[in-house]
Each structure stands twice: as C-alpha cells, then as structure tokens.
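So, here's a batch of structures to check.
Here come two complexes built around subunit A, the first alongside subunit B, the second alongside subunit C.
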Partner chain A sequence: MAVTGIKSGTGFAGAAKRRGAGGRPRPRLRNLFSFRWIAAAVILIGWFVYYPIVDNFIVSTTDQDIYTGEVTNVGLTNYDRLLQDPVVWTSLWNNALYAVISIVFQVFGAFLLAAMIEGLASEKWRRFWRAIYFVPSAISITVTGLLFYFIYQPEIGLLDAALRGVGLDVLIRPWLGDAQTAIYSIIAMSQWQGFGYSTLLFAIAIQKIPRELYDASIIDGAGPWRRLWNITFPLTREMTGLMIIVTITGAFQVFNEVMVMTAGGPNNSSQVLGTWLYQQGFIEDNFGYGAAIATVIFVVTMLTGIAQLIYTRRRRVQF
Partner chain B sequence: MKRSMQIAAVTMAAASALGLSASASHAAGKVVVADPDAKVEYSGKLSILTKFGLQVLSPYFTDLAKEYEKLHPDVKVELIQESDDSVKGKTKTLVASNALTDVYFSWTGSWGGNFVRGNRAVDLSKVIGPDSDWGKTLVPAAVQAFQYNGKYYGIPLYLDAKFMGYNKQIFTKLGLSAPTSFEQLLSDCDTIRKAGITPISLGNKEAWPALHYIGQLLAFDVPRATLERDFESKTATYDDPGYVAALKQFKELSDRCTDGATMNGVSYASALQAFSNTKSAMYYQEIIEFDQSAAPDTTLKAADFGFFVLPAPADAKGDPKAVEGAPEGYMINTASKNIPLAIDFMKFVTTKEHGQVLSAPPYGQPSATVGGASESNMSPSVVEGLKVLKSASYLMPWLDTANSPRVAQAWLSNLQALVDGSMTAEQVMDKVKQAAAADAKK
Partner chain C sequence: MIFTTRQLPRSRTREANVWGVIAKAFLYAFLICLGIVVIYPLIWMALNGFKNNTQIFGDPFALPAGLNWHNYVQAWNQGVRDYVSVSVLVTVASGICTVLVSAWTAYGLTRTKMPAKPLVVGFVLGGLMLSPTVAVIPLVKMMQALGLYNTYWALIILYTAFRVPFSTFLIRAYMLDLSRDLDEAATMDGASEGQIFWRIILPLCRPIIVSCIILHVLFAWNEYLFAMIFSSDPNSQTLPVGLTSIMAKHGTNYAEVFAAMTISALPIVIVFFAAQRYFIRGLSDGIGK
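Here is the complex of A and B:
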C-alpha cells in the first residue's frame, strides 16, 4: 500500500514534533515515560510494603476476636499496655543484646577474620578458609536449632560433658532451661551460624581494594596492623555500615532461632519482640496487641536503618 | 531521588518485620446445622487438619485418605498434619486468615468452645447426637464431651488420659510397688534416687508437661465445682487454698523426683526417650503414648511397662478418683463447600475397623468408636488404661485448653519459674489471678 501523505501532528511527523533537537523526547514527556515504567513497581511496593504498614497500625488500634470476627476500636490502649508489659521490656533488652553481640562478632569479628584470610598468600588456602567459615550459614535454622539443643542439653549435651571433662563442674547448667543463660545460649548459636556469611561479604569488600595501596604502604614500612587500620578498615567502611544495618535490623527481627530453641522460655526470659508478637497474636489471640508490638519493631528498625544510611553516605569511599 | 530510594529500601527491610502480624480479613461464620439427609457429592477437594504430625502417627490419616480416594476417585483429600505443639498455632493462623480446613482437629473445653462461639463449627446434633445412627456407634461420654449449649459439635476420635508410666523391673529390683498415695510416691522417689536412677524424667521445655501434673493435682485438691467455675475468666476467683497446695505438692515432686530446674531445658520427647531407654524409672504420659514408651525397638519392653494414676495426697479436698484426660476429636468447618462429604469422610474414619487400627500398635490411640478399642489387638497396658479411664469419677480437662489462652499462658510460663525457684506457689497464683482478671475485662 502506497503512503499518500502524512498529516501534521500524527504518526512519525507528530512524534518528531514532540521531540526536541536530536530526536530526544522533551523533559516532561521523558518523565512521563519514566513513570510509566516504574508505575508497576510502585504499585507492587505500595500494595505489599506500604499498605501492610498502614494496615498494621490500624489493626494495632483494635481488639479483635479471631473466632467471631468482632473488631473493637480501642484507640491507643494497646500501646499503653505495651509500655506496662514487663515482657515487652525483657524482649527489647534481649533484642538489643542480640544486636550488640552480633555487631561485635558478625561485623567486627568477621571483618578481622576476613582480613586475616585475605592476607594469606595462597589462593587455595584463602578459598579453603572462606568455605570452612561459610558452611554453618548454609544449614537451615531448624537443623541448627536441633544441633545446638543437643549441645546444650543438660543430661547428654556436649557442652556440659566437655565442662565436666575439664573439671569445670561449677559451670554446668541447663543452658536453655536457665533464665540467666537461655538468651545468651541462643545468641551464641546465632553467631556461629551468621559469622561465616559476614566474613564472606567482608572478604569480597577487601578483594576490591586496589593492591597498589598495600604495595605502596609496605614500601613506606607499614606493618600488618597499620595496613589493617589505615587501608583495609577505612576502605571497607561502606560494607561495615551496611553490615551494621543488616545486623541490627536482623537482631530486631529475630524469630526462628528463639522459637526453635526455647519458644521464649523459661518464664519468658528469652522472649524477643518477634516471638512475643507471635505469642500474643497466634497463641493468646491478641492480634491488636501483636500488631502494636510489630509497630515497635518497625519503628526501631526503620530509625536504625535511616541513621546508619545517613552515616555511611557521609563517609562513602569510591575507588 | 537517591536518598528517597535508600529510605524506601530501609522501609522495606523494616516492613518485613510486620510480616508476622499481617492482618487478616475477618468474617464471622454463619450457624450451620448438618442435615442427616443431605446427598453426598463424591467429588472435589477435602482438606483436613490433623494432630497426627508425628512420624509414628502420620501414616494413619495418610492411609485413610488413600483408601477413601480409592473408593471415591473424584475426591482429593488434602492433609495438613501437625504435632501436638504446632497444631495450636496452625489452627489459629488458619482461623485468622479464614482458611480453616474442611475438617479440623479440636480439643474439648474452651478450645472447642471458641469454634462454636465463632460459628466456625457445624452443629452436628442431628447426625452425631446420642440418638442418631452414627452417634450410637461412638462412646456416649466421648460424644458428650463435645456438647456445647445442648448441641453436639465434635466427632470424637480417641480417648486420652494421663498416667504415670513406670519401669516394673526397676521397681521390683528396689522392692517397690506402684504407690497408692502421693506421699508414698515421694518416698519411692527417694529410694530410686539413692539407687543412682532418675526417679521421674520430666522435660518441660515446652512448658505444658508440668501443667499436666498441676491439672491432676488440682483435680485432687480443689472441688470440681470450684475448678469449673474458675475455668471461666468472668467467674474465676482462684481463691481456693487447693491451688497453692497443688503447686506446693508439684514443687516437692519436682525437687525430690525429677532433675529439678534442669527440666526447663529438656524437651518432652527427650524425657520420653530417657524413660524408654530405662534411664529413668517413671514418666508421666498420656495413654496414647504407651505404645511409644515401650515399643519393639525401645530398651524398655512392653512386659516391663506398668502404669498408675498419679496418686492423691492424703489430705486432698477435691476428688481423689478423678483422672486428667479428655477425648480428642474433629470438627467440621461451617465455611466448607462440601459439608456432607466432610461428614461422610469422618464416618469412614470412625468405623469400627478403622478404630481397631487406631487402637492397635504402633498408633495406640484408644478409639472412641464402640468396639473400636478391641482387646484382641491392643497392647495390654492400653486396654488396662482404658478401663481405669472409664471408671474415673471425673475427667479433668487439660488446663491449657480448659482455660482461656491468656490464663493458660500465665500457668505455663509461671510454672517454669516455680520449678527453677524464682517464684513461689503464691506468686504463681497471683499471676494466674491477674491474667484471669485481665481476661474478664475483655
């Protein structure tokens, strides 16, 4: 079919008119095109991320009976109850403990270990140690929980048997059954499992540091500690910041580890916000109160994340 | 733009914390009465939530489902099999998300009462009531246990009760016999401990095993009417001195007969294993666990297994002939699209033949079907247990299902503190009273 003519404002000619010099769309149109492409993502994020946040807050202002479906608006009563609930404070403390201990081991400890591994001359040994430390991270939390249950078991457990073997009977205790040691025992298991993963991430960050910087520092007479402190540490700062965010956020979202090992016991001594939320919502039928606890978790992790992001943006390093 | 994207990323990470509390759409069920004349359409899917998740029990429903599908090729039976611990959380998750299965497991007492209150359970009075054809095939007391407001809502599958299992060989060796009083039990524990054997293995990591002792002791120490009044938070007072007495008795038992505070770090299953491996002389267990305690592959053999009802203290003010236990069964979801099919499947499950399979090893769950608990193929200990159960003057319901969830949790967590010595019996009762008072205000 022969083309007999092109009307102004339509077809190719129209498209050409909407474009600026060089055939590029004008800025406003360009923005419209961009929004079209990201609209789907925005809708999905809005529906699956932001809507549940708002909905969770709404639920937290209600008292719900899951059996009858009755919903009673109670305003901020659940938040008032939350402030007076001693288990919430125990949980917050346990989450904070989780975060602090995890930062020590899974951020700074992992950083040191990664630096040591990457400092090895042989690539074969570097690979070997990376793999060795990463293996626990590949084991599911249920299996790990069961494994550590048997390590901590007071009658046949490895830990008490080892203590007995070296004459430290005074330290023998039911690690998970003692209110004084339950949460520390769980945190210890978590370090064992997460340490290798953090080490691997730090190893990748260290590998990105240009070798010339180390070579130059060696010529200048810098020893291993000086190189670690003046080159490796500052140049992996972004990864350190990211790991701190992930660790703190993870510490306030911890659930599986506690659920598998103690379910929050004995006498709620190892409860964390996640397990207390679960207990309130799914065991005690207090969905509204559970949602209020979820809001606290959200606020804590959100604030931590924003603070850390601002900090790392200011101190970003680019090669 | 970059900063807002980063903040959005942090928000997403934090928002994932809310995943556990994702709110459910709530819709109250309607009252549904089962029609005995309804035609059964043998097609479609039938979902069932069982409490037979343990490896040794799960084949029972799996085999029944296969058999039923073979009889009715257009029916697909989908099983969700949970353990005793996980079925509680699973059931509530399904209720909250309006995704409850067509047929679901239920305890008696307030647990089952919640489904009735929320119109989640089909009124089965016309099909399973005592005068119905199906009802006549079931043990009357078991059917009665699922009666609420004069109507019948549950299909009892088996009878359960708590007994103290003991190793006859150890008892004989030490010149002991089954104790007839609580005081004698304590003194027997001293003798057994002196012989270097753990008298009672008790794993209380899950918190409810200790509560089972309390349930039986409360039946001994507190008059029945008072107990039943206190099950309801709105009428509860918990001022009977028998409550504190029962807690003190349990504390003494835990100090003299068990490994004490260590129990909070030992799982229920590990304690059972210790008894089965003859590492302990006694183990407080449900009748449905008899066949697991002494099985062909355990060190403890069936011939050496004996049991007795936890003996009552000398000055008990309650009912010394009460036994802690209750039938357990299933309910039909009012939202089920195929209620007649669900009822038909449960009739199939509760036939005499299937009851006999359920009662025999390895399952050992005394069937609630008349003739289902056949002495010919059941373990002698289960047969004996069933006789004791039937002669009990009162069946004390499990405390964690008889009370509201909040009160049950108060019992559970504070008992762990009683065991490790960080709380007294009086302090535990204060916490239980507080929980009941808070619950009554709702």
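Here is the complex of A and C:
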C-alpha cells in the first residue's frame, strides 16, 4: 500500500509540472482528488473510533488525581490490581453466563422457532409471528429493563403475583434484590427482548433455501424432523456460526440492562465488565483503572471480531 | 399386488395426517403462548399508565378502571416532551450525517479510480469491530477538551462516527451490485464524479438508504451508554436517559413512570410496523452478505 502512496505522490508532482506547461492534468491527479469522497468518513472514524482505542491503553497506565488533575504514570499497576479484584472475576463470570444462556435461547432456540414459523403454510401468518416476536427488540433496552424491574418487584410485579396465582409461593422472592437470582433475572429479560431479532435473521436465512430441496425430501419420505436436521440446519450453518460469534461479542459489551435494573447490585453480584468500568471510571473517578477494565473488553471483542472475520472469509454455502 | 401397493401409502398418509394435526395443534399452541409472553408485559405497561397508584398496588392483572389520560399528560409535561425533542434532534441530525458520509464513502470505494481502495475498505470496516464501551473514557476526555461534553453535539458526532462503518458496509454492497452502464454512459457524456453521484447513483440507492435510515433511527432512539455519559445535563438528555431521571425523581409515582415508558416505546414500534420491509432488507443485507 505504501508503494502506491509514493507512486501517486510522484504522479502528483509530475502532473503539477505539466499543468504549468499548459497541458491537461494527468489522470493520476484526478484519482487523488477522488479521496474527497472518503475524507469525512476517514477523519470521523480515525478521530472518534480508532484514536480513543489507542488512547485507552495510554490512560490505563496512568493514575489521575481527582483534585489536582495531575496525571502520573503508574505502568502496569492498574492491570495488577485488575487480576486481584474479585469483582472483575464476578463480572467476567457474569458476562460468560450471559453469552452461554444467550447462545442457547437466541441462537439455537431462535433457529428452532424460525424453522417452525417458516413451516407454516400461510405467508400472512408467517409475517405476523415474525413481527410479533420482534416487537421487544425495537423497543429500547432502557424501557424493557425498567419494565422488568417492575415485573420482578414483589409488591406490584407480575411475576410474583403469577407464582402466587398458580400456588408456587415457595419461589416468590425479590428477584433483583436477591444476590442469587439478580443476574439470572437480568439475563432472562435480555432473552425476552432479543430472541425475536435473531428469529427474524434465521427466518431470512431459511427463506433463502430453495424449495425444491424440501419437495425432493418429502418425495423421499422424510419427516419434518429429518428435513430440519438434514436440510434446514446444515444450510443455515453459516448464519448459526455468525450468530454465535455476534452473541458472544454482544454479551461482553452488556451495559444498559444491568445499569437500569440493578446497577451491578446487590453487593456487586450482578456486575458485568461494562458496569464495573462505569462504576470505577465515573463514580469513583478512577479513569486509569476504568481504562484497564476497558482493555479486557477490548481483548475479548477483538478475539471474537477476528473469529468473525476468519469465519465470513471461508467459502459460503452455495446453492 | 398393484392393489396393496396402492393402499399402503394411502393408509400411511392418513396416519401421518392424524399426527400432523396433533403436531400442528401443539405448534400453534406454542406460538400463541410465546406470543402472549412477549406482548402481555407491553400491554401491562401501557395499561398501568392509566391506573393510579392504589390500583397499581392492587391486583396487577386487573384492568384499569377507565381510560384516564392524566398520567400520560403529566408525564409529557414533566420532562418527556423535552427528552423527545432532544431524541428527535439527535436521531435526525446523526441520521442525515451518517447516511451522507456513508454514501459518499461507498461511492468513493466503488465508483472512482481512487488509489489504495483495499486499505480504505479495511480501515472503514475495521471500525465495525471496535466497541463503544472500550472508547468511552478517552472520549470523555476528548469531548471535555473540545468543549462538547454535556451537549447533544457530542451525541450527534459519536452516533455518526460509530454508525458510518456499518452503513458504509450496507451501501457499498448495494453499489457493487448496481450496473455500471449508466454511470459509464454519463462519463462518456462528460459528467463529473459529483454529478454522477448526486444525479445517478444516489437516486438508484434509495432502497438501501431507506433501510440504513430505519436501522439508524432504531439505534439512535434507543442508545444508552453514550447518551448517559455525555448528557448528564437535563437539557440535553435523550429519552432513554430521561426515563431513568424520571424514575429517580418521580420513582414513587409508578403510574407516571409507566406512562412515560409507553410514550417512549410507541414511536419506535410504529416506525417498525410501518417500515418493516425496508427494515428486514437492511438486516438481511447486513448479516447475510
């Protein structure tokens, strides 16, 4: 790439000289002028997306005094502290839990649901169910988080009232106020909110499978389960793989629902990396340590990002 | 012999039909139950906006006594109106910027003789892999230095910068599929790059641009992390952040909080149902290509 740059550079100079002699500018100069189309994007992304990531590493090796604003270089001290911080390990565990449960419901569950919906005879009903299940995904996580904050509440909430109604009084508890159940309750809300989105994506993938494959297998006498396992599943494998990676990435960036529902409590039991970063960086004004936590998120999302890149580069399913 | 071979499949079909009907009944029952689990909480939210606090603390499954709009009016006047205007402003401004910048970039990357294209593609699309959470602390320092902290300008800039990679990805894929005949003919007639973009390519890309706008509206209307950190000032809060403020201020008046939540959810649900087609195209192009 550098070579191209140098070449166009000399082209530029050459063109300028020739123009001075009264000739038309050489095409090279016009090609360089085309950079104007991408300039805005490159500046914006470079300045506000790439540069902060680099700066984050620098901040993570410093300590800032809140009162004097004085910044001191502390090397890897923040990372040392990270390894010994029990809440970081709780957070990592909660993020991992988020990933695993979401893969079960929002990848495999959504795949089965999409297969059921796409198996319906009438297009009108297929469209209806896809749209209905999607509605929570259109609504902001803040609203759905607050809504479930109320649903999980013991006094006015739906959940405990429903449990009382069916005689399961033993299960009644303040779901978000109990350190045992807080993170699971948040994850459950997230499944409710997100499964319709992945169902829609799987439905789109299933629609791309040619009908003849199903017709042929019906003639061969294959039942619905055989068709699901032998045709639908293998031919949407690309989407499944992609969804697993995207889900893991999302699970390590979780912030909004935890912030709204418990803010990490009770007793830090539902902290995730994102909320712990916020707590340390913005509540306790410890930018350096917050940046070190951000580095952990960066490493995980970078690994999944690379996995995604390798995965999508591989040969696709061809029909 | 012929008789039996004909009869056998027929009886098998009948048996399959019985099982088929039972399976279908279970399937529909499942879909309906799941539908109720999804929709009922949302209806409960809207209905609670019509109740008063005594009713809310009563039977949670009870219907409201009547359509009392008081809480909705109250919520609207006590802040929701301002949050809605900030949200609309930020969503519209960042949406226009994102689509314009992305369309320019996609055009530069697909239709011009610009050098170093693969490098630029890698740079722009690489932005997809970087998460806002990781950038947030340096961005606060940066916005403070620029004097944009606690203004909606910070949100407009950041929403644009973080959404351009994805929108560019969508529009670029669409432009790659467009036939080159039209713009080649226009070049022969002496049209400039600018003319070709505004008069030919941009109009042709209308479907994908509509999809991009819908996806952007959904993102910007609902975004929370940046909105929360860059707008602690009440006058620049978007709806999601404003809702948590209402919750903190009027947390005991549950009915009003429910009304505010419903008001903030409704526009986006309407947008989704009205523009479903474009929305689904955006999604399927985004992840399928």
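Rule of thumb we're sticking to: the second predicted complex is superposed on the first by the 258 of 319 C-alpha atoms of A that agree within 3 Å, B and C clash if a C-alpha of one lies under 4 Å from a C-alpha of the other, contacts with A are read in each partner's own complex, and residues count from 1 in each chain.
We adopt the following convention: a contact is a pair of C-beta atoms (placed from the backbone, for glycine too) under 8 Å apart; a residue touches a chain by one contact, two chains touch by 3 or more.
Source: prediction; values computed, not measured.
Enquirer: Touching A:241, do we find subunit B (first), subunit C (second), both, or neither?
Expert: Neither: A:241 stays clear of subunit B and subunit C.
Enquirer: Quick check on the superposed pair: does A:256 touch subunit B, subunit C, both, or neither? Answer first, second, both or neither.
Expert: In the superposition, A:256 touches subunit C alone.
Enquirer: So, does A:194 touch the first partner subunit B, the second partner subunit C, both, or neither?
Expert: Neither partner.
Enquirer: If you tally the residues of subunit A touched by each partner, is the higher count for subunit B or for subunit C?
Expert: C
Enquirer: Should A:140 be classified as contacting the first partner (subunit B), the second (subunit C), both, or neither?
Expert: In the superposition, A:140 contacts subunit C only.
Enquirer: After superposition on the shared chain, which partner residues are touched by A:40: those of subunit B (first), subunit C (second), both, or neither?
Expert: Touch partner of A:40: subunit C, not subunit B.
Enquirer: Scan A:152 for contacts with subunit B and subunit C and give back first, second, both or neither.
Expert: Touch status of A:152: first partner only.
Enquirer: Who does A:30 touch here: subunit B (first), subunit C (second), both, or neither?
Expert: A:30: touches subunit C, not subunit B.
Enquirer: Go through the superposed model and pick first if A:266 touches only subunit B, second if only subunit C, both, or neither.
Expert: first
Enquirer: Counting only touches as set out at the top, which of subunit B and subunit C does A:68 meet: first, second, both, neither?
Expert: Only subunit B is touched by A:68; subunit C is not.
Enquirer: Taking the contacts subunit A makes with subunit B in one complex and with subunit C in the other, which residues are shared?
Expert: Common to the two interfaces on subunit A: residues 45, 49-50, 52-53, 55-56, 59, 155, 249, 253, 255, 274, 277-278, 281-282, 287, 290-291, 294-295, 297-298, 301-302, 305, 309.
Enquirer: Which subunit A residues qualify as touching subunit B in the complex?
Expert: 45, 49-50, 52-53, 55-56, 58-59, 63-71, 149, 152-155, 174-179, 245, 249, 252-253, 255, 262-263, 265-268, 274, 277-279, 281-287, 290-291, 293-295, 297-298, 301-302, 305-306, 309, 313
Enquirer: Where on subunit C is subunit A touching in the complex?
Expert: It comes out as residues 23, 27, 30-31, 34-35, 37-39, 41-42, 44-45, 48, 56-57, 59-61, 101-102, 104-105, 107-109, 112-116, 118-120, 123-124, 127-139, 141-142, 157-158, 160-162, 164-165, 168, 193, 197, 218, 221-222, 224-225, 228-229, 239-241, 243-244, 247, 254, 257-258, 261, 264-265, 268-269, 271-273, 276, 280, 283-284, 287-288.
Enquirer: Taking the complex as given, what residues does subunit B use to touch subunit A?
Expert: 3, 6-8, 10-24, 26-28, 88-89, 92-93, 95-96, 114-115, 117-120, 204-207, 259, 261-267, 270, 274, 405-406, 409, 413-414, 416-417, 419-420, 422-423, 442
Enquirer: Inside the complex, what are the residues of subunit A that reach subunit C?
Expert: 1, 4-5, 8, 27, 30-32, 34-38, 40-42, 44-53, 55-56, 59, 113, 116-117, 119, 129, 131-136, 138-143, 146-148, 150-151, 155-158, 161, 192, 196, 200-201, 204-205, 208, 224, 239, 242, 246, 249, 253, 255-256, 259-260, 273-274, 277-278, 281-282, 287, 290-291, 294-295, 297-298, 301-302, 305, 308-309
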